[in-house]
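Below you'll find a set of structures to go through.
Presented sequentially are two complexes of chain A, the first with chain B as partner and the second with chain C.
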Partner chain A sequence: MAVDALASAPGSRRVWITPGRRMWIVSVVLALICCVWVYPLVWMFSASLKSNGEIFGNTGLIPAQPSFDNYVRAWNEAHISDYFFNTLFVTVGSVVIVTIASAMMGYVLGRRRFPGRAIIFGLLVFTLFVPQGYTIIPVFELLSMLGLSQSLWGLVLATSGGSFVIFVLLFAGYFSQMPNELEEAAKMDGVGFVRTFIFVMLPLSRPIIVTVVVMQTLYAWNDFLLPLVVTLANPAIRTLSVGVYAFRGENFVDWGGMTAASTITILPIVILFLLLQRYFIDGLAGAVKG
Partner chain B sequence: MALTLESAAPTTRPGLGARLWRSRIEYLFLLPGLAIFALFVGYPLVASEYFSLLQWSGFDADQVFVGFANYAELLGDGFFWAAFWRSFLFALGTVPAQMVISLVLAIVLNNKLIKLSTLFRTLIFLPVVTPVAVIGIVMTLMLSPFNGPVNSLLQGLHFAAGPIDFLGSPDTALPTLMAIYVWKWVGVTLVYWLAALQTVPQELYEAARLDGVKGWQMTLFVIMPIIMPFAIVIALISAIGAMNVFPLIQSMTQGGPFFASEVMEVYIFRNAFASVGGAVPRLGYASAAGVFFGLAIMALTVLQIAAARYLRNREASRGR
Partner chain C sequence: MPGVSLKNVKKRYGTTEVIRGVDIDIEPGEFCVFVGPSGCGKSTLLRMIAGLEEISDGEISIDDQRVNEIDPSRRGVAMVFQTYALYPHMTVEQNMGFGLRMNGVPRAEVAARVATAAKILQIEELVSRKPRQLSGGQRQRVAIGRAIVRNPQVFLFDEPLSNLDAELRVATRVEIAKLHRELAGATMVYVTHDQVEAMTLADKIVVLRAGRVEQVGAPMDLYQSPANTFVAGFIGSPKMNFLELAPASEGQHALKDGTTITLAGAGGEPSTLGIRADQLRRVAPDAADIVGEVSVVERLGDSEFAYVRTRWGQEVIARFEGGANIAAGEPIGLALSGRTHFFDRDGKAITGLSLAGSNQ
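Here is the complex of A and B:
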């Protein structure tokens, strides 16, 4: 490669830019871009360790006297602890519902033939192209009718609907590509439909299960419009997203508390992302390839 | 919607009843999923249409059927049209930037020789997993006209004479929100492009390299034609995404200042749930706005898909 570059470079200056060196230069430029890219988040973390007076006084990233006062104040006085467990409840609840329901539905749609299959498929795909953000009024009205408009359970249920169709299609696509021999062998051994699903098919679909769990966790943890509307009349059941948003309206000048609350909000999801990155990426990539 | 399925299956064809009964386990398996789908996806789609024909001032209030009066009023509402076009302007301003920036990054990161390319991808993806409410707080601080880091930097470098009130001035609010939106979502588009680039066979690179193709020529003439079909899908997904910007805008400007950043979703929310100055909520009217806008988006989506089909067919016939 280096010889190649030498031969094709007429001027003496070009000789210095060998492919290897060029990659180094590109890497350094990329590193700089990435530093700017995540600077706001790093800055937020740094601000959460500073006192309110220091945040705008000392614009450097290293706090003079790092302290966790902001965290203590946000956690105890600003109800962030309550919001944290509300969010955890909604996230875990909706993940359980969504994963089980979409795996069952995807399995049947992807592998079985039965009357009405095409219609259901058609309906699912159709709704993919309908913007979801515009259905908040009926969703809230439905929750009111069910008597769940001010409860965490209502939030769990409605949050389950958010990306449900995509997950069903992910499962259906994955199951439909599995070889028939598996089911046939199970049938020969006298294993029934339900047990084949639970003990043969589900374990094989582990990558999709993890993808769905991870994507729904991200969705539920970060969801904003629905929890905002549901908690308008009942602040006690706010999730972190809404709690952090309300924090700003209520404690206008407590930037330290705000950045601490923000850090508490993003920490679990960022850790989850770093650990299970591959599944985030695969889930997203699957949307384009499908 | 899904509820009509069972009843819509008539027993005209012989043996259908038997076939339905034979598939009872399948239907049982569908039940939980269909319930979620019917309640929170299907029903809202149908119900919004009905609500849009009502005069309805709160979830506890009576519903009065008013026909198409809401739609007639919408057509004459300057705020509605301003929000309507602003939503498209937002998509127009963000989607191309998002796609180009992420494509350039993807092509660079796809090169295995780049040091730490996975780490870079991770860092660029971080804003994607960050909740918008948090981004609202961080960016408000970063862009604060009172000694915020961005303004300090701009003034330190003498790019700006005085502090710029990025989010507080009607002229800069929307462009600033667009920039923040692109920053937040480039990571997703980057992953899409990387997935597309993985489909380019390695042999093709080798062959092209042997033919003396390199650098930007490789990108333009070898890679681009292959990933073009993906570009249309990515544009479609990104455009739909750019219509769902409520969280970002609500948590940063609430549509202000002076409605300068009020996109359609914020307009709907304001009319339905957060009427300014204690005005009566107008759920029917807000539904009408939602239905109208939803239909416009669907029409655009169909157009985009049709265009994609057309391009692909032309490509295929040229290939032959």
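Here is the complex of A and C:
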């Protein structure tokens, strides 16, 4: 009776999609999309626990006799352990270089007016449009000239170039929004240019630093083409992504080993994201806003 | 020996001259306020003293030493910014001691100086907080504290109260006045567009307009004998009333509606009469110099301001004691009395003229 009264009250209508139901519908749709998205990863993990025979036996996602043989084989025989540490070295090295260099460059570009600034900005933005494939040969040439074409240091250096420009622009945008008074206050305090950057500006750009660290980590960890080219002549310095590719033999593909290696490869990234996702999202939001 | 001295100081941005030859002498220990409408160059002038803006021409000296080419931190000045400019990631303590620490002052001495400044400003319990955990007034104190720890000869304040709400502004104004007394010997240069701040704080006011000094003097000197119509209109609240005068017969001048007034003395040909709201007296309309109708009344409790529309359409403000109960729409007669000011055609004050009496 009360419901009838409500329904017939002027201006009110019987609404089927209440906010609660709407949330249910949205959740179900998102869950379905999520399943499609996650399936390859689940399949990969499942296959990594199966023997090569079972993978092609099409026995469903749950392995009949799960074993870690693939992992042991990949880690020891296929040198995935070496590749893992190579990748770690390249990632950490390039993150350190990129964060320091892009912050410094972004600071100068974002806060100083000097002749040629617009040209430098223009050139930087232009390089964003050049596909990686075109730069690989000159980059390799450069490394050869520096005598670094067959060393991990060379790979670190080359990997640092990947998204450098985007990070510089992120920092420049952020620093240019900072109030002038902060620098002026430091100047009145007798603090010089470099120390103002290190002690005042850099700590304030933490959201951007986190974003850059995470994005460069993802890029360096997952990059394939550049390490493939640089490590062609020296398999000992392969990174994980290249190492996984090496499971494709001439006549035989070791799917079990490959999926195990792939799982090892993506695990650190997934863990990193779970730990840093809040900062990462904050940083991106901050970058867009500021 | 002036604390701060500016000699023919100029500032150009390209071809635009924003400071056009300014001469000011500020005595040691003096509280000097630069006041003027926005865009008059008062902040630029302060930033030139601070060393944040280059000096295009002229000379600035502090404590008898030319500082034109000296680095801001070596001029013996400290600045308090309008936006406070506290370092957001540092605690109050770190904010105040940052400059000292960066310049190699021993840790113990930094701590001692910060503690002293915190005590003066009564922010001792806030020293471990970050700026975002402070209210506007507290941030302002920290910004002042950062200036105090540097032990400067000259404090520079750039509109320090304009980001505070009205109530806090009055309270902080009083605090700054106390601080000046407490830090005896410290010269303070203070920029504001608010003439009330200028009147209440200053030992010496410098009124600026369009990059030029209009008048320099003690607050009451400017109030009682403004050098021109600009200063007369800018200093004092409400604004001084300006009435146009035309020469009538010998020794007499006429207001716009033909009412004549008689002037005594000599000194020039007045074209404007200035009179403050509190010098207008209410009289019967037939004995009045100005007859009009009250259009708005502002009641402030202790006083009432009546906006009187004259016969020639000008609004004149008159002050009455609280409780006078002037009503809007009421016809009213006002007599000129007390101190009047006369200005010539160029707006310059004419001294030596006064009101001899008035008649219809």
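Things worth noting here:
Keep this in mind: the second predicted complex is superposed on the first by the 250 of 290 C-alpha atoms of A that agree within 3 Å, B and C clash if a C-alpha of one lies under 4 Å from a C-alpha of the other, contacts with A are read in each partner's own complex, and residues count from 1 in each chain.
We adopt the following convention: contacts are C-beta pairs under 8 Å (C-beta built on N, C-alpha and C of every residue); 3 or more make two chains touch, one makes a residue touch a chain.
These figures come from a predicted structure and were not determined experimentally.
Overlay on chain A: chain B and chain C fit together in the combined arrangement.
In the superposed pair of complexes, A:Arg195 makes contact with chain C only, with no contact to chain B.
Once chain A of one complex is fitted onto chain A of the other, the partner contacts of A:Glu250 are absent, as it touches neither chain B nor chain C. With both structures placed on the common chain, the touch criterion links A:Ala101 to chain B but leaves chain C unconnected. Of the two partner chains, chain C is the only one that A:Ala185 touches; chain B does not reach it.
When the two structures are aligned on the shared chain, A:Phe224 is found in touch with chain B, with no touch to chain C.
Touch criterion not met for A:Glu77: it reaches neither chain B nor chain C.
Touching more residues of chain A than its counterpart among chain B and chain C is B. Contacts of A:Leu204 after superposition: chain C is touched, whereas chain B is not reached. The superposed arrangement places chain B and chain C with a least CA-CA distance of 13 Å.
On chain A, the patch touched by chain B and the patch touched by chain C do not overlap at any residue. Those residues of chain A that touch chain B in the shared complex are 19-20, 23-24, 26-27, 30-31, 34, 37-38, 40-41, 43-44, 47, 55-56, 59, 97-98, 100-102, 104-105, 107-109, 112, 114-116, 119-120, 123-124, 127, 129-142, 144, 149, 157-158, 160-162, 164-165, 168, 193-194, 197, 218, 221-222, 224-225, 228-229, 232, 240-242, 244-245, 247-248, 255, 258-259, 262, 265-266, 269-270, 273-274, 277, 280-281, 284-285, 287-289.
Within the complex formed with chain A, the residues of chain C that make contact are 50-52, 71-74, 77-79, 81-89, 98-99, 102-103, 146, 150. Against chain A, in their complex, chain B makes its touches with residues 1-2, 5-6, 8-9, 16, 19-20, 23, 25-27, 29-30, 32-37, 39-45, 47-48, 51, 59, 108-109, 111, 113-117, 119-120, 122-127, 129-142, 144, 146-149, 152, 183, 188, 191-192, 194-196, 199, 230, 233-234, 237, 240, 243-244, 246-247, 250-251, 265, 268-269, 272-273, 283, 286-287, 290-291, 293-294, 297-298, 301-302.
Considering their complex, residues 179, 181-182, 184-191, 195, 199-200, 203-204 of chain A touch chain C.
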